[in-house]
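Shared between the two complexes below is chain A, which has chain B as its partner in the first and chain C in the second.
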Partner chain A sequence: MHLELRKIESVSILELSGRFDAYEVGPVVEWINQNMEAFTTRLVINLSGVKFVDSTALATLVQGMKRCRQQQGDLHLCCLQQPVRIIFELTRLDRAIDIFATEREAVETFGD
Partner chain B sequence: MLNLKIALITTYPPGNGSLNEYGYHFVRFLRQKTGVAEITLLTDDLPEGQSYPTEETPGLVPLQIIPCWKFESWHNPWRILKVIRHLKPDVVLFNIQFASFGSKKIPASLGLLVPMLAKVSGYPTIVLLHNIMETIDLKNAGFNSNPLMEKLTRLFGTIFTRLLLTTDWVALTIPKYVEIVEKKYHTHNVLLAPHGSFEDSPALSLEAELAQPLQIMAFGKFGTYKKVEQLIEAFRLLQSENRPPLELVIAGTNSPNAPGYLEGLQQKCSEEKNIRFTGYVPEEAVARIFGEAAVVVFPYTSTTGSSGVLHQAGEYGKAVVLPRIGDLAEIISEEGYTGEFFEPGDPSALAEAIAKVLDNPERRREIGTQNYIAARGLPIAEVVDWYLLHFQALLELRDQSANGAALPQPSGQPSGQPSGQPSGQPRVSGITILDFGLGILDCMVAIALNLKSKIKKSKIG
Partner chain C sequence: MIETQTTLPLLAILLHSQRPLLNRLAQVWLARGASSFSIWSREGELVDCWTNPVSSSPSAGRSVDLSTGGRVDPLSYLVAPIIARKRSLGELRLEISKNRLDEQPSSSLDQLEAEALLIGQLAKFESELQEITAELVDQQDQLLALYELSRSMRSHLGFQETLQALAEEAGRLVGSQGAVTLLYNQGWPSQLVTMQRDEQLLVAGYPPALLADHNIVALFWKLQEGGREFILNPTTPEQSMDEWLTKEIQNLLFVPILVQDKAIASLVLVNKPQGFTSPALKLVRAISYLGGAQLENVMLYQESLAQARVKTELELAAWIQLQLLPRSNPLVPGLEIYGHSNPALQVGGDFYSFMVQPGRPFIFSVGDITGKGLPAALLMAMTRTVFRNAAQFMPRLHNAKFPTRILMRISDDLYNDFTQVGLFTTIFVGQYDPAAGELHYANAGHSPVIYCPASGKAELLESDSPPVGVLPQILAKDFKLKFGPGDLLVVATDGFSEASNQVGELFGYERLLEFVTTRAASDSAETLGKELFRAIHHFSAGHNQDDDQTLVVIKGV
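What follows is the complex of A and B.
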């Protein structure tokens, strides 16, 4: 799992690539634990480089979203590949987490 | 911030109905969640002399337990609905499977009507359905031996699945089940909510902690599709080989559908000192029972859903031995688990599979570690969060609908509201009657096809 962090104004963008599952979830959990509250509560996770997510990865994203929302922020997802989108649809978590087609939309929706 | 009043219809310890353990752990974590104001469990009546726990724990969401239904009773719909209407919860959740309310057709069917009736009464309702009729091997699961009755049972299964689908959401624990139900019933109000592991961060059992002699353990409610005769036979075969002594531990109780089953077997094995029947295993003893076992065996003749016992075995890093039935291998691998498989019906094949695990500590560790990782992947605490998100979405939709706002239409989805109706709105005149109709139509088509094939056969004959 490869993580890359960028920032556009007050929005942090975490770009992930590789497999996002129980075996690879560690670095993302660590990043969320270390950075979420202190560093950012407006987070976009770009999943364009992720071909597979499992339930552990979904749980990590839900936890991230909860923590952002507790701090009056939010977590947006963008650029989901088809297999990843299917998992979100299967769990209907696509109705709980805001998902965008492009990174730009995901960032812009935060507004000011 | 949510401030939810939740009514949960479930079995719960010390009640020994199926899914009681799942109910217990689900509630344990639900009580720790912010956004939940009050939980009321609508449980089954306990036998005389037993009672549900009443003590409150500071810091946890208040829990009220109201026993208001009984296995095999015809009165369950009225009793449960009366309590729901009195409580006026924000949401109603059912933790059930097809035989939760009875093993006989009428009480089982009447109980399965309750989710639809709760929904019709105006309560946002989610059904966590642990099995689906389409994948149950009824004959091997001990429900039907007559082919005609089996077909009839399946037809009623189809009708009642359709009725369950009139609720806001039906949550299933296995991706394949979601696909089957979506495809067969042309519905979109079904979602995947994985089983989840019962412990947050259980400790991996070490080889050094295994009991001596090595234990072969089976855990559950026995007598219907979980039968231990062949396991006992396999154990005898292993004992007759030149190997260190072993112990067989049969942990658990009779299935509610098979009273007296274990007592009968225990009597037959009374001379065999290394076969131990534990009886009911209280929650505090579960960790020890799993921790001491060298291998956990699943002596199933059929599967009826995601296995709670498999998740528990995984939590303690145990190697498992499973039957090669139906799509069990595929299902467990979808959940990240693995095990040693055997051909059901053959005690020597079972003995061989157990021996492969017992005699090879490396293989034992390998299977145990993979199962441990799978179990740790998604604790039930996370799954509970998913349910809360779904509750929240349902209530938001209901509020939007009450305010006259247009329902959101997510791309690629048929409707923002799962069943295309505002949540909380009675649908007696629309969907319910339609679903009844479709169910009856299913029934008639199947009977017609059945008759046609019988006529064809008799002509050929």
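What follows is the complex of A and C.
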């Protein structure tokens, strides 16, 4: 699992690549625990490099979403590969987390 | 021995061991006309004397001054010093009568001096032999002591008691008045080592006053951090005495103990009456080596004990979890029902539950908590309990549909808990209405759910709501299926659809749908369920089961 962080104004963008499952989820959980409350409440997670997510990864994303919303922010997902998108549709997590086709949309939807 | 003791014992030993040689030397001198041949100690005591029967006994106390070089008193004596290791042991004396000795006194003196030299050499060898023998005896004693030490320590299997025994035995063997062992905790699991004074250090030994003095223990700790041997005697010149030598400590020997090749323990001996010498250091090194081996044993024992404890607790948890799942498939008129669950680990986060109550509809549920193992298992037990409570106490309303209400109840009860621990659960809830020939269901994020109508193709029933624990409210609605004879519902968990084979290929939804379509008409619920487990097992042969696999099959008859 590789993490890359960018910032566009007040929005943090975390780009993940590799396998995102129970065995690889550690760095993301650590990042959320260390950074989210400190300076990030508007977070975009770019999953373009992720081919597979398991339920532990989904739980991590949901946890991140909840923490953002607790602080009047939000978590957006973007650039999901087809297998990952299917998992979000089957579990209907797409009704809980906003998913965008491009990173730009995911960022711009936050507004000012 | 020569330097520190009187010469008499050594000469006496020499006389004993070399008696034939000395007898022979004496006989030769006597035969040549000497009145007596005698050996004297450095202190002027007669050690032995051989006399000519016709002469008188030697006159004790007549001193001879060798330094004059004149081979003094040629009329009475020839004297030659016995020297060993450059020190005088005593002397050989020859009492002669000038008239009777058959040679010149000077050549006799040369011979006597040569003999004294020889005896001095013999004394030297004798002395060395004695030292070697004494050392061997000491080493034998130490070996026995170490054997006793290893025997006594093997009976201790806890860290504290091993450290205490090591300190006591080391102190006893070395003869010091105090002994302390220290063990540094390197992040071992807390169940292995219970730290007393603080989180970092385990200390044992005696006397209690030494251990109770925090300053002294802190000084020992400082040595532990240094990790090197350290001897402090009052004569040690280079040490800062003020720091170490106190009223309580007159001298000290610190030796690190290697445990699994790391200096994480140490042995400190305090106040040995004669101070710490090289032999004591050797002995303490050997003791600390044994101590390190024993501490490794203790560590391995404690680890295996902790593992056994965890294994037992997991087995118990697995047994309890098994008791929470239905023990048999219920008998419901109009339905065939099959349910089974295989956790990936000993315990898992999947569950299924059947509620059959007189005068109430048959309600069932299948759920999958995110994650695996004990955390998921704990929440599985909670979720199952809340489901059963909710299903049990729904109001007795004619034609009422409960699945969504049950999901809401579960969400209301558990949302905060799920949020707290960062998990969620998918849940499918179904309710059978035999009068209408219908099956009602609500689905919070669960898949795969497959419906296959009699004489139709299997289709996937998609969820309309995220799982419970994701959002504070449930978005699910109640849905209705025609459910008469031959209609089939398969509710599995993602352990089926995501089962993978050796090359990493997933079993997937297509295979599942095809399997159900093929067998729906011919198989009973139980046969189809068992065959599906077999098919998954066959597909993923040689590959570990990654996720819990739970399956409920319901067929109208």
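Here, the second predicted complex is superposed on the first by the 112 of 112 C-alpha atoms of A that agree within 3 Å, B and C clash if a C-alpha of one lies under 4 Å from a C-alpha of the other, contacts with A are read in each partner's own complex, and residues count from 1 in each chain.
Operating definition for what follows: a residue touches a chain if its C-beta (ideal position, glycine included) is under 8 Å from a C-beta of that chain, and two chains touch if they have at least 3 such contacts.
Model, not experiment: these values are computed from the prediction.
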Which superposed partner A:S55 touches (first chain B, second chain C, both, neither): both
Chain B versus chain C as contact partner of A:L5, first or second or both or neither: neither
Which superposed partner A:Y23 touches (first chain B, second chain C, both, neither): first
First, second, both or neither for A:K66, with chain B first and chain C second: both
Touching both chain C and chain B, counted on chain A across the two superposed complexes: 22, 54-56, 59, 62-63, 66, 89-93, 95-96
For the chain A and chain C complex, residues of the former touching the latter: 22, 54-56, 58-60, 62-63, 66, 89-93, 95-96
Chain B residues within the chain A interface of the complex: 169, 175, 178, 191-194, 336, 373-374, 376-379, 382, 385-386, 389-390, 392-393, 410, 412-413, 416, 418
Chain A residues within the chain B interface of the complex: 21-23, 54-56, 59, 62-63, 66, 89-96
Residues of chain C that touch chain A when the two form their complex: 368, 370-372, 419, 422-424, 426, 444-448, 462-467, 469-471, 475, 494, 498, 547
